[in-house]
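Next come two complexes built around chain A: one with chain B, the other with chain C.
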Partner chain A sequence: MLDAKPAKKLVEVKDLKMYFPIHSGLLRRHTGDVKAVDGLSFDIFEGETLGLVGESGCGKSTVGRALLRLYELTSGSVTIGDEDIAKLSPEKLRTKRPMMQMVFQDPQACLNPRMTVAAIIAEPLDEHTKLSADEKLEKVYELMDAVGLNRAFANRYPHAFSGGQRQRIGIARALALNPKFIVCDEPIAALDVSIQAQVVNLLEDLQEQYGLTYLFISHDLSMVRHIADRVAVMYLGRIAELSPREPLYADPLHPYAKALLSAVPDPDPERESGRKRIILQGDVPSPSNPPKGCNFCTRCPEVIPICHEVKPDLAEVRPGRFVACHLVKPDNNTAAGSTGLAEDFEYNQQGEPKQ
Partner chain B sequence: MPDGAKPVLDVRGLQTVFRTRAGDVHAVNSVSFHLEPGELLGVVGESGSGKSVTMMSLIGLLPMPPAEVLAGEVMLGDVDILKVTPDQLRDIRGRRIGFVFQDPMTSLNPVYNIGNQVAEPLRRHMGMNKSQARARAIELLELVGIPDAERRLADYPHQFSGGMRQRVMIAIALACDPEVLIADEPTTALDVTIQAQIIELVKELRTKLGMAIVWITHDLGVIAGIADRVLVMYGGQVVEQAPVKELFANPQHPYTRALLKTIPSVTGQRETRLRVIEGQPPIMGAAPVACPFMPRCAHAFSRCGAENPQRRAIGAGRVGYGHDVACHWDAKTGGPADA
Partner chain C sequence: MTDAAPQAVKLAKPRSQWADVWVQFKSHKGALVGLFVFLSLALFVSVGPLVWTKDPTFINPDAVTMIKTRNKPPSWEFPLGTDQLGRDMLARMMKGGQTSIAVGLTAMVISITLGTFIGVMAGYFKRLDNVLMRLTDLFLALPLLPLLLVMAMLFRAPLSKAFGPEGGTFLLIVVAIGLTSWMQAARVVRGEVLALKEREFVLAARSIGTPSRRMILRHVLPNVMSPIMVAATLGIANAIITESALSFLGLGFPPDFPTWGRLLFDGAEYIQQYPERVIWPGVAISLTVLSVNYIGDGLRDALDPRIRGR
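Let's look at the complex of A and B:
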């Protein structure tokens, strides 16, 4: 990819924090915080898919919602395009909404059961455009074609559709305003195995067709390997490792990423019997009371004394690979003259150009 | 599996329907399988394929009505458990057949402490007194790897994490040392690292206790790692049955073959595009007269619409032992199988 244009950042997240207050006692005093997201920084480049993986409760969905400012951030900045959406006034924010959309996990719960499919898909158009009724209907039909829904079903209600089809309705609605950036929050978790592949292929086709940028949140590591260009592994509100897909899956560097990948069962008995599995002991600590030092220090099989004292920062240890661990030291030859992010992205894409 | 060892559980021609206001749903259609002593049988299928309903109906856990078991026999040793009285069935459930449900959040009673719930089957089935049951409950909780078991007896389910609750469920299921353990998606509600813990636990308990296990799941990865033999279910019937390595190496049914191709993996070659099975799983509104997979099958031909295929053996052996498939199409020749 020598002639490739340097990839442009579309989303830039800096030190994002999202705390949910805990009120307790008779006077409902503020007694603590659930630190759902605790200091996240990363970029998403135009046209790429960033996978965000982690176990339940690690804060991955909160990140997705915070990025679209469905929550008011505790601190940090989220720059989408060229504006910090964390600081926009509500009116300004509304005018920015069309460029950023979301596909939700539960296709049953995110569609209003009393609205027809056409009305659901047209709702963003009602809010943000001044199209005539005919133009809107035309646009709705176009969108239904794009996501593979039969136009004849436009006047049906969501209950008449299967899970996979409902997810397509949700995707059509997200596409209605020609967004640039879509947060997909576990879009396939509620679907059957044979339907998951249909929806993932659809998302990939739409990405190519409309030049979309995705944040793909999932706990399914094998599906993320398929769809994402780069993958961020989260643990207890922080990023443990952020790497391009292939190096991450071939050679995870963070001990948590190693354990997580080794825990995923392989649908092949031959390979499965030869795999070494790292079994983590215990459960994830509560995010309202994270351990001192590294968040993973209570379960880490490779823990050393410093881990209980100092929180490791996310640092670039190989070109394009960011790891937050005291044990993973930067390679000498890459650390010093380390490349900028844009170039890293070129590296990520090498060998498998997007076009 | 040696042909001839007496199975601990033998299910023949099981058929279950749900009578609903919107019409009948034929959830299970003449399902037959057996379970050898000490074997782990994996049952895979999508939601609605009838895998859970099969297991629930054979131990009488379905609400009747709307459910109705129309036909079949379920031999547990020498007893047909579809024909026993409700009292006898209560003696079998929990005593001879243990059950672990999918959702550890809702399958424990929130108002009783853990000690009570683990001791309940011991007192009901084993005739233990309070202190005996308590001592055994501590042993069981230690067996499934709950730290500080004695102190935790007094804790309530909400004080346990999901993985720990599932361990408690397993302890309850194992309490009376059952011959058969039925685990219905026991790890689906858990995170992968916790799932790995539970799978290791079950593997370890199997070698220690030697019971036969039926493990229901939709995750072929879990099956690959844990099962000896696999049943693949689709549209309420068994479409393929084989030892686990044989199934993954040499799948016969078009559904199994397609399913194995659609799932991505974290190891091995990465597919640039996922293969899909077009269409939707069926809702069995009537007893099947055609192959339920026909509308989605790439190899369907006229006979598939006219006749629901019976299971036929692949290679040596008879149906139910070795490898068998319910399909008119022959994967080896790529043409119709001989009638």
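Let's look at the complex of A and C:
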């Protein structure tokens, strides 16, 4: 994947905002918003895996769901392929659905307990294709082969499967319509470790086989390092740092990314004993009342006065690396003028480290 | 697992769900007994009159004979005895059962359909929730019997004219009972739907692009079957009793028209002298309710794949 030609953008997110209204008082008046996602901009290139990490409650899942318009966006645009998903009419959106699919977090809850595996996997086919029953069954069998499920299981109900097998069913369902883009919303969080590896490897194999593009949401930093090409670190509804995988894990730039990644244990006991953990003080502020200035200013170990005043924009500070922090200044060798304006980083952002 | 196994299963089509349901239903003893009892009762009231051809409303015109055949205990001529006008109880039980079972089933279907529809709409569509639930509260707050009385007063004559006295009354009673007993089902169903709507498989279906109507039919309704079944089986009993109360108040079927509820009320006056006159219809109503209850129980288990095959 180190060919020089820049990859094509598949998903382009601009200033995505997702606020959930708070109603309170006797009259249930609209008194505020939970700013789950507050102005996110990023691109996902064809064939890559973008990891999305962050602590729980930072808005990762909301981003995933908003991208597929399972929520109505508060503002912003999500362009998948060449159409703005956020503004499509319900009918147009429906015809667009086969392009983008989702793998869910809880393999227990994401399958209808009253449907057989065959019916679950065939549901997208029922909705979007006009295949005959036999063709559908054949396709279902193919999908079951692809995700490593025995064809004899087609007739069973979800409760008869283990978590890993259920997740495979969910993946088969997501694959049924040959999507280009799959949002994996913590697909491995509910599985035990040995099964996690199986599922992640399956996802990687399928990516190779079908040329899929993933948004891989997870809080498992090691797993993201394994599967993602680029990683976005989120904090309180905003992206703190968006960098290619290796530079990010080797040298995180944003103070929050540093703290987060310092929590990854090292398998080498020698290095592990010397590992310095950055322990953040305090709690995450409420997303309904984020601090003025930088969202991270209340806990940042390197905070400076300007952090309390001005929200830092996501800017390209190294080639391919985007950081939203006042402390991290762009290197001189970066393209001049990338001051974090949306137009600028749109042109500069690349899927691979340039080095 | 040999290599031949995948070849073999490739040919086996997924079984129909209803085959599984039947297999599970058969393994539920109570449900089988219930089904047997209910079918026997249905046969008793439908085929019975063809075998036992006595007229249930026949009163001997000869006053002396009539008085002599009043209040007879069971005998070969009158297997269940006679009532206070010398009418044959067995024939009346058969004829009355026809009406009672028909009223019970039809009223139950109406009330469950209405309740489920309103419950699902209120639970699934947030905009309708408030309106529909306040409507439900309104119906719950209405005093049932006076409402039924008013309905009977207003619509009895036009309906009788349109469908004949018996058909008109049947329609009136069934609709009246159905319209006044859907609220519990609606509330229970709404609650279930609200919980169900937040489950991830509904979100998954939305990400596939399933439109609302198919979402409801495919994902929501099958999962709210259990409470609907329970409400339905209880609804039959309720409908039979309400019908008898209505008839007792003179607003249901005419007094000489037998129904199980009617027989019960007629017999209640003589309960100390002739207790069997209350026992027959009482047992019939209880058996109907109980058998339907067990059938519902078995169906509910059979429809739930988690219980099935256990």
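In the analysis below, the second predicted complex is superposed on the first by the 328 of 355 C-alpha atoms of A that agree within 3 Å, B and C clash if a C-alpha of one lies under 4 Å from a C-alpha of the other, contacts with A are read in each partner's own complex, and residues count from 1 in each chain.
Here is the rule we use: a contact is a pair of C-beta atoms (placed from the backbone, for glycine too) under 8 Å apart; a residue touches a chain by one contact, two chains touch by 3 or more.
Predicted model, so just to flag it, every value in this text is computed and none were measured.
Enquirer: Should the superposition on chain A be reported as showing a clash between chain B and chain C, or a fit?
Expert: With chain A aligned, chain B clears chain C, so fit.
Enquirer: Once chain A of both complexes is superposed, is A:Glu55 in touch with chain B (first), chain C (second), both, or neither?
Expert: first
Enquirer: Quick check for you: in the superposed arrangement, does A:Leu68 touch first (chain B), second (chain C), both or neither?
Expert: Touch partner of A:Leu68: chain C, not chain B.
Enquirer: Does the superposition put A:Ala109 against chain B (first), chain C (second), both, or neither?
Expert: second
Enquirer: Quick check for you: in the superposed arrangement, does A:Ala259 touch first (chain B), second (chain C), both or neither?
Expert: A:Ala259 sits against chain B, while chain C stays out of touch.
Enquirer: Report for A:Asp313: first if it touches chain B alone, second if chain C alone, otherwise both or neither.
Expert: A:Asp313 contacts neither chain B nor chain C.
Enquirer: Check whether A:Ala118 is in contact with chain B, with chain C, with both or with neither, and answer first, second, both or neither.
Expert: second
Enquirer: Rounded to the nearest 10 degrees, how wide is the angle at the Cα centre of chain A between the Cα centres of chain B and chain C?
Expert: So the angle at the centre of chain A is 80 degrees.
Enquirer: Looking at chain B versus chain C in the superposed three-chain picture, what is their shortest Cα distance in Å?
Expert: 9
Enquirer: Using the touch definition up top, name the residues of chain A that touch chain C in the complex.
Expert: Where chain A meets chain C, its residues are 65, 68, 70, 93-95, 97-98, 100-102, 104-106, 109-116, 118-119, 123-124, 127-128, 137, 141, 150-152, 154-155, 157, 159, 170, 173, 177.
Enquirer: Contact residues on chain B for chain A in the complex?
Expert: 46-47, 161, 163-164, 191-197, 199-200, 218-225, 244-245, 248-249, 258-260, 262-268, 270-271, 273-278, 280-281
Enquirer: What residues of chain A sit close enough to touch chain B in their complex?
Expert: Spelled out, the residues of chain A in touch with chain B are 55-56, 162, 164, 192-198, 200-201, 204, 219, 221-223, 225-226, 246, 249, 259-273, 275, 277, 279-280, 283.
Enquirer: Help me check something: in the complex, which residues belonging to chain C touch chain A?
Expert: Chain C residues touching chain A: 5-6, 9-10, 12-15, 17, 199-201, 203-211, 214, 218-219, 222-223, 303-306, 308.
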